[in-house]
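Input: structures, listed below.
Note that chain A is present in both complexes that follow, paired respectively with chain B and with chain C.
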Partner chain A sequence: MMLRKVAIVGAGLTLFRRRLKETPQEMAWEAARKALDEAGLELKDIDCVITSAALDAYDGVHMRGEHIAHSGGVRKTVSRVYAGGATGGMATISAWYHVASGLCDKVLVIGEEKMSHALPHPQSVFRYIWDPITEKPLNPNLIWIFAMEMYRYMKTYNVSKEEIALVSVKNKRNALNNPYAQAAANITVDDVLNSEVLVWPVNRLDVSPVSDGAGAIVVVNGDVARQFTDTPVWIVGVGWNMDNPQWSNRELAYARYVEESAMMAYKMAKIERPDKEIDVIEPHDPFDYKELHHIEGLKIAKRGEAPKLLKEGVFDLDGDIPSSPSGGLMGCGNPIGASGLLKVISIYWQLKGIAGRMQVKKPVYTGLAQNWGDLMQMSAVVIMRR
Partner chain B sequence: MRVGIIGVGWYGFTPSTPELSFREMVFEAALRAYEDAHVNPRRDVDTFVSCQEDFWEGISISGEFAPDPIGGTLRPVMTVPGDSVQAIMHAVMHIESGISKVTVVESHAKPSDIITMEKIMEFAYDPLYGRIGARNFHFLAGLDAVKFMERTKTTKEDLAEVVVKNKRNGLKNPRGSYSSSLSIEEVVKQPYVVYPLTSLDISPFTDAAVVIVLANEEVARKYTDNPIWITGVGVGYDSTMELSDLGRSTYLRLAADKAFKIARLHRLENVAFFVDDTYSYKELQHLEALKVQDPVKKLREGELYADGKTPVNPLGGHLSEGRPLDASGLALLLDAVEFMRRGEFDKAVVASWRGVPSFTGGVAVLER
Partner chain C sequence: MVTPIKKSEEAVTIRYKLEAYYSFSAGIAYTKFLNGLKEGKIIGRKCYRCGRVYVPPRMYCDDCFRPTDEWVEVRDEGVIETASASYISWTRDRLEEPEVIAVIRLGGREKDWIFPGLFHRICGKVDVDRLIGKKVKAVWREKREGSINDIECFKVVEG
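On to the complex of A and B.
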């Protein structure tokens, strides 16, 4: 079947901050308005809206899709997707098929997460993501299980904490160029290693901070994309995959679901050698080790070899395959329902050539954004081309 | 648009299901759907869509548990919270975009596990100016019903007739746990839960899981000689509680406009309707939004009965089966498929609603 061409023509972000004064609806609308402005569209031009929000408990609102829909979806076709950290990527994929199917022509994706009003701490919301029978009675903390995964990755591929800390150093440095970033900094590997141990081997600076923030994109039918811009960015591949939630029973050193999602997207984008054909990437990095873990799952690097390429500078802004030029979640913060959109928007701006100080040094034609979510089981991949 | 429904399966539709967890209920429904469709989910299905909502489940990011019971592990599973007709719309788009040939939609509900329903409903209102501490979450339906009844000159007896019709229609439906043979007087004499609605005017909650298997036209014809086709689908959102139209279902009109346009459905003749009747008046209000002319008059003249010219909820609707939260849309779709498989009607309209306090609805047009 001949797929309808689909393009991104506008994007907007709010500041990512530990506490924003705006309500979730106000944050969502601010991002939506910016995306519409960049696309040169008004809300009346939009026929379908997708809301992207991860956990209902963050807004403390039941039927949260309806709550956010007020920020752009009034009297339109609206639906919500959610997949934890992968929500923004899934919403982008959803926007792609809203248009590719012919059901909609102009879609507005709005994502937000306001984590700051969770008490006593945003982490407490994650107390209820577990299997209610087999896991909840143990009251696990989310960082515990990522610590297990990080250690398993280090042990399996003989990766050191110093090598992993380089991701944190790189991304926080990249974020210095990002006007929306919350956690930009010039830090050293020693700073990461000497920061407080949260759950060994995870130190505080191995983790992205909790954030408030919103993002939005405008996705349109390819036939009309050039009415709005001379430089549409085409969505040429989408893929997503979900493993089961039994994280305790699977090999944590390698994310097979990431590979499966990537292969689905590569097939659609006709990419056979991702390490040679993709110019810039935004893998999901809520923890520094996750960027390496995902780069391997995406087959940009062989298993266990991402740290070596990182040390060689391959993933630097002036490297062969710049990774997280926005600063990623380590540098920008991680408002969960919007963080996936940050990744998509970063690649969109890179390919469009309007990333400002974030713009990578080499010319870029094909980019990849990847999100990770749910209970360490979900990956969404979006491949874009200019 | 022609997307085939090649398999349906369900479990539950009972006030409580202590024998199974929600995941086991979904597994049972999926097993039946795959048997009905003659497909192997690990081999024949390309994508999955799961529909559930955190607070109903008591689990944050509740979609995490979607893949296992439907055979979706390590496969593309999309998680869409909302009414399950929204999930059907996503599945149709998977197929129409060409990324999938066969897509499975799952939705479930286990309200018997929920011990704080009133508080959860309170959380659906705006946290700043919508949470007024209402002791009875049906109050919004009461206001909506009064406005609708005043505008359309609908009487309490008309609402009672909807109840009598639907509860009687469900008597032959194995899912009709709440069906019964009542008189209009028996309904009208019940005390109000909220004016003008009695407990019999309100669909009770029910535990249920429903799984539907969809396929593109080419594949559907391989699996079955008589698929039911989805020829149009639409979803509409009006606004928040404070700003939406009370007394009319603008959300469903928006959804119907889209679905009917796609399906090229211009005349509502020889069409059976499977319409949300969470509250008795909603059936009439929703029919109005679907452009059925003068539904109250048609009700009084017997046209909306199962043997009438325009059957509405001939299998009993939510008033007979109960309301399975997010799975409500799939419950109506399931009724439509079973009814059409009997060969009585070639066209059906399924119209679902998210329930109070939302103003969101979905419409699917089915043809045989």
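On to the complex of A and C.
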């Protein structure tokens, strides 16, 4: 099958904050306007729009896709993507196939999540994601299952809480360079270990904060990309995969669905040695252990060895494979429908060389953004090249 | 530029509560499962083609994509696959005593990626960081009504 080349030519983010005054549409509009401005395009130039919106319950409005599609989608070919935390990555992949297939020429992806609406705490909305018969009667909170995955990962590969906390330290430090970040800080491993225990082994500083924020990108047909920029960033590989959603019936220590999504993207991008051929990465990090878990699933480290590479500085801003140079979700916050786009946008800006103070030290040619979501079984990978 | 605020009171706000009540049909597999719990039994479903046992039961096999074949009762004893201890409620309020929960593997071979299992509470005070691999047994409530809560919790039975 002949696929058209696809490029990203513009991106925009709002501030990520615990509570923003704006409505979801107003936040989404700001991100969309910024992305169009960076691309040098107007809304009339856009033929298709993808909305990236996660839980309907956050806005308290069903059909949230349409609700935010107002900010750019009127009289366009609009579709909504929802894959939990992987929503932004899947929305980017959706834009890719809208263009690669020849169906659309210029696609605007708009992502948003406004978590602060929900009372008494945004966490309570997650009460309605469980199986109503086998799980809901036990009154689970969302962190439970991730805490259990973290413990299984720690036990299987003999990884300590101290080693995992280093991700939090790194990402919050990286976020100091990110003007959009909500949770930037200079902290130590002890700060993480001494922070409030939420659900053992997850402490407060092991988890990204809830957040309001929006992001947008412009994705175009490669044949016309150079009309808008001298430096398009090409989407050269995409992959996605879902494991068994019955999370209480499967091994949690290793994310085989992340591996399968990565292998699909590597094949398309003709990458054989991801640890040698990828210069900068943004693995999904709503929890600090997830960054390590995903780096292993992406086959950038062997199983159980990501903590060792982290300690050696491989994933630092000046390391061999800088990881989460934006500060990731640990440093920026996690407005779900937008946070996947943050990951994609970070790599796009890095490859374009316009990441400002976030720009990593070494020259970068190939980058990878990965998202993780649904309950805990979905992975989306986007590989970009300049 | 968006406007960060500290409290919702700093914006004009409209408050409302969503109200929705549901009456879920438990379906074919879960009806049998819930009726089994009422009798103090954990009921699974077996696929003859691949030999996999599903707990909770399913009417079709994920892998073979054909109907599963037989109801099976599994023992109410298993091994802890993983666990955690929650110090917060679902509304993120602080709990006095942590609630310990676990994934319990109810059979299958040790190396199986997919296994019959349940997500449930662990009884009493335990060292959560030593739970993986421990044997546990279901503690049943006296009065059972056909709910996952007919099992009060799983109790550690071996050091």
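As a working rule, the second predicted complex is superposed on the first by the 386 of 386 C-alpha atoms of A that agree within 3 Å, B and C clash if a C-alpha of one lies under 4 Å from a C-alpha of the other, contacts with A are read in each partner's own complex, and residues count from 1 in each chain.
Criterion: contacts are C-beta pairs under 8 Å (C-beta built on N, C-alpha and C of every residue); 3 or more make two chains touch, one makes a residue touch a chain.
Computed from a predicted model, the values in this text were never measured in an experiment.
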{"item": "Chain A as common anchor, with chain B and chain C clashing or fitting", "value": "fit"}
{"item": "Partner chain in contact with A:I345 - chain B first, chain C second, else both or neither", "value": "neither"}
{"item": "First (chain B), second (chain C), both or neither touched by A:G60", "value": "both"}
{"item": "Which of chain B and chain C A:E30 touches, first, second, both or neither", "value": "second"}
{"item": "Broader residue contact with chain A after superposition on the shared chain, chain B or chain C", "value": "B"}
{"item": "First (chain B), second (chain C), both or neither touched by A:A69", "value": "first"}
{"item": "Partner chain(s) touched by A:G84 [first = chain B, second = chain C, both, neither]", "value": "first"}
{"item": "Touching partner for A:A216 - first (chain B), second (chain C), both, neither", "value": "neither"}
{"item": "Which of chain B and chain C A:Q123 touches, first, second, both or neither", "value": "second"}
{"item": "Chain B versus chain C as contact partner of A:G102, first or second or both or neither", "value": "first"}
{"item": "Partner chain(s) touched by A:I143 [first = chain B, second = chain C, both, neither]", "value": "second"}
{"item": "Where the C-alpha centre of chain A sits as vertex, the angle toward chain B and chain C in the overlay (nearest 10 degrees)", "value": "70"}
{"item": "Closest Cα approach, chain C to chain B, once both complexes are overlaid on chain A (Å)", "value": "5"}
{"item": "Chain A positions touched by chain B in one structure and by chain C in the second", "value": "57, 60, 126, 132-133, 244, 256"}
{"item": "Of all residues in chain A, those that touch chain C in their complex", "value": "14-15, 17-22, 26-27, 30, 57, 60, 116, 119-121, 123-124, 126-127, 132-135, 137-141, 143-144, 147-152, 155, 196-202, 212, 214, 244, 248-252, 256"}
{"item": "Chain B - residues contacting chain A, complex", "value": "21, 53-55, 58-61, 63-68, 72-82, 86, 89-90, 92-99, 120-121, 123-124, 126-128, 233-240, 243, 250, 254-255, 258, 262, 354, 357-360"}
{"item": "List of chain A residues in touch with chain B within their complex", "value": "1-4, 23, 49, 54-57, 59-67, 69-70, 73-84, 90, 93-94, 96-98, 100-103, 125-126, 128-133, 238-245, 256-257, 260-261, 264, 268, 373-375, 377-378"}
{"item": "Residues of chain C defined as touching chain A within the complex", "value": "1-8, 10-11, 15-16, 18, 22, 24, 26, 30, 33-34, 54-56, 62, 81-92, 98, 101-103, 113-121, 128-129, 132, 147-149"}
